[in-house]
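Below you'll find the structure I mean.
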Amino acid sequence: MAGGLAYSNIELSIRRVIFKEIEKRNYREKEPFEVLISTYNKLFDAVSELRHEILLLTIQNEKLRQENLQNGQGTLEGKVTEKSSILEQKIYSLQEELTNLHRRKGEHAQQIVDLTSKLQEAEKNLNLKENLLSEAETKIIALKDEKKQLEISLAETEGGNQVLRDEHQALQIAYASIEEKLKILHYENIALVERLMAYKAHDAEILNKENEHFVKIKQAQMQKELEEAASEVKVITADRVLFETPLLSSSIPTKVHSKFDAHEGEVNALQFNAAGRMLASGGGDRKIKLWDIGQNTCSLRGSLTGSNAGITSVEFDANGSLILAASNVTNQRSLYFWVLEKKIPILCTQRRTILGFLTFK
Amino acid sequence: MAEDREILREIWEGRLPVCFTLATEEVSTPIAPDPFYLMVPRLTYFPLVTDKVRRHFVRCVVPEKHDNEMWLEFEKCPLKWHYPIGLLYDLLVTNSELPWQLTVHFDKYPDNKLLKCPSKDVVESHLMHSLKEADALKHKNHIMALMQERDHKQLWLGLLHDRFDQFWSANRKLMEHSAEDGFRYIPFRLYAPQFTSKPFMQYLVKSIENEKRLTLEDLLQRANLNFESKGPFQVVIHGIDLPLETPLQWISEHLSYPDNFLHLCIRYSSP
Amino acid sequence: MGNITWEEFVVGVRHVLAVSDSIGDGWHVRGSLEEHGGGYLAKRMDYPVAIGEPSERTAEDATIDHDSVTEPYENDPCSIDPDSSFRPVYGEFHVLYSLAHAVPTLYLRAWRRDGSCLEAQELWRGLTAAERRPSSDESERLRSLTQQEHPFLGEPWYHLHPCRTADLMDQIAGNDVDRVDAKRYFIRWMSTVAPLVGCPVSHHYASFR
């Protein structure tokens, strides 16, 4: 802005010259015409507007004239028709205005109705919202109370917990001490028991010794008696022996009568019948086999089947026509009756306990 | 930076009275339309102010031509709409008979001589084109490139609606220069039809050379033409004679047209 | 830098003249190159464009039997149909130097045989068809021809906007750090821009000697 060669200042004289030139130009070109042409433009616009209006009015006029002619009013009543047409025009325009106003009134009424309904809706919404709000508030209060309650009960539970913990602690301690005591007693017990055993052993020893001693004495006595008896000789006659003292010769078997495989598996039960001629054997193969005992042989007479499991016990009845057998199954312990002729059991019962030996009675 | 507001204002308010008449051969109504008078601003372009003219006259031509482009003619010479009105007047009218009588045509658009102008957008792009060229000369195009779309619009709308303040609030940015140097080159066009068949002369002239401010005289010298050979002449712009000793920088800032160019006409006072 | 001075422009012009004379390409100078900004390069040629008058065509075809050759022609404005489609036009290309933007600019105009001028739309339609190349956005922008007053002839010519040229040349120059040789710059510019508007640039111009 200040100084410098390019500062676009200019000698005032030159500027004055230029300004004067501009003024001259305006005087020449602008001023004489400005007002004139602007007025002309205004008039021109006004004229064109008026022309336009005239055009509209002529059109209207024509229309009305047409209507008049149609209504049959002739040219004789020219003046009256003119007046009436003017009046009619006035009426027409006023009617238009009236309808316009009516229409606007209707629109406004409609608007009012719309607005009132909107207002009502808004109020309803507001009420709803307020209700919801108050409900929510009461809920909040209730929940707060609940919360308080829960807090109290929580505190209580915690207290109880704490108490229990303390008790537990105390009991633990007591238990520990008692355990200690028990251990001590246990050890004492063991010690005592040992002592007792020791004493008992000692007693037993003494008793044994005494027994031995007694036996020795008895033996000695016996020997003495025997010796005495042996020294005495008695006479025995034969007939006395036969009638008075039954003699049974018994002997321990030293020789096997016969040996044969009777069953596929183990043999669990054997029974002679009353006559001693038949042998019934029951085995793990679930069969009862009947053997005829001859002088030196045993022959299979028959086998009885029908048991579910190994036979554990066999018994003839007094007549020798029925066999009772027991079998052993893990869950079922069964009793079977066979009729000898039939070879299949005719009766079967189950018992819970293992039947060991059975006898007919 | 274009501080002499009074001068700026006076230049902006320059007006010319114009009388538009429809070409007689194109009248198709029984009664010829009245001529249309209008005060047109010197600084604007014809397509921006002739809407009313068109409306007034287009009713009177045959309907097929109602959509044609309107063109103006002065003494058989079609008017180039892309020249500012003030320039056209200074260039073509020597007898200064006012109002300026122009003929309106709708037919036979001379498209070998006139650019097409189907809408105001064409005028806008022409204005922008000129502004860019002027700025390229003044500031290597820096300022136009920096200006936003909004400012460009302001320039256009200010011109379109004849709003001095709106236009100049944006235009002053284009008139900025560093205090020492002035503009890089002065944007101008010299119209001297007596000397050349070219429509105008344009060459590079600085605003300051060898520490001296250049004046109008220096500009004319650099044209290398002997203007005085044809007699006494004046340099006319906006209808005024410029003193030859006026500094170029000042002229460029204050007397440029809205397209930022100085459109200088050489006019001879001899008959 | 995307700009050149007047002197560099003249150098480029002289180079083009030299090559053009040797291959008979038809470029010549109008005005005077001695004066600063006083001359330009010009060339006149037959425009490689097939233009038809659409209104005539459709009127004719309405009466002609549609199985004939004219039907496929309707969709392809480029097909050479001897009777009605191919109307050769001729165009002129001028390369001017823009003082303001310090770049070369291209002006062009096309006339029909009867002397009437072609409009931009017709030019485009013809060109795109002739080149058989889909027009991308970039080339569309470059092709934004506007009508301008020819600085020498004062008539309306189509003109490629110069303020994009500087950017374009910057992009093309790309990696060259030093100031580009004026001839190279000129030929680069011409060979980029001229073919887009239908003026072919022969490879002979690229031999710098």
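Chains here go by letter, A, B and C, matching the order in which they are written, and residues are numbered from 1 within each.
The rule is simple: a residue touches a chain if its C-beta (ideal position, glycine included) is under 8 Å from a C-beta of that chain, and two chains touch if they have at least 3 such contacts.
Because the structure is predicted, anything quoted here is derived from the model rather than measured.
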| item | value |
| --- | --- |
| Chain whose Cα centroid lies at the greatest distance from that of chain C | A |
| Innermost chain, taking as reference the mean of every protein Cα atom displayed | C |
| Chain A-chain B separation of Cα centroids, rounded to whole Å | 94 |
| Chain B-chain C separation of Cα centroids, rounded to whole Å | 30 |
| Chain A and chain C, separation of their C-alpha mean positions in angstrom | 86 |
| Interface residues, chain B side, partner chain C - complex | 80, 82, 111-116, 125, 129, 132-134, 136-137, 141, 187, 197-200, 202-204, 224 |
| Of chain C, residues touching chain B in the complex | 35-37, 98-102, 117, 146-156, 161, 163 |
| Touch list for chain B against partner chain A, complex | 1-4, 6-7, 10-11, 14-17, 36-39, 96, 98-99, 177-182, 207-208, 211-213, 238-243, 245-247, 249-250, 253-254 |
| Complex interface listing, chain A residues touching chain B | 1-10, 14-15, 17-19, 21-22, 24-26, 28-30, 32-34, 36-38, 40-41, 44 |
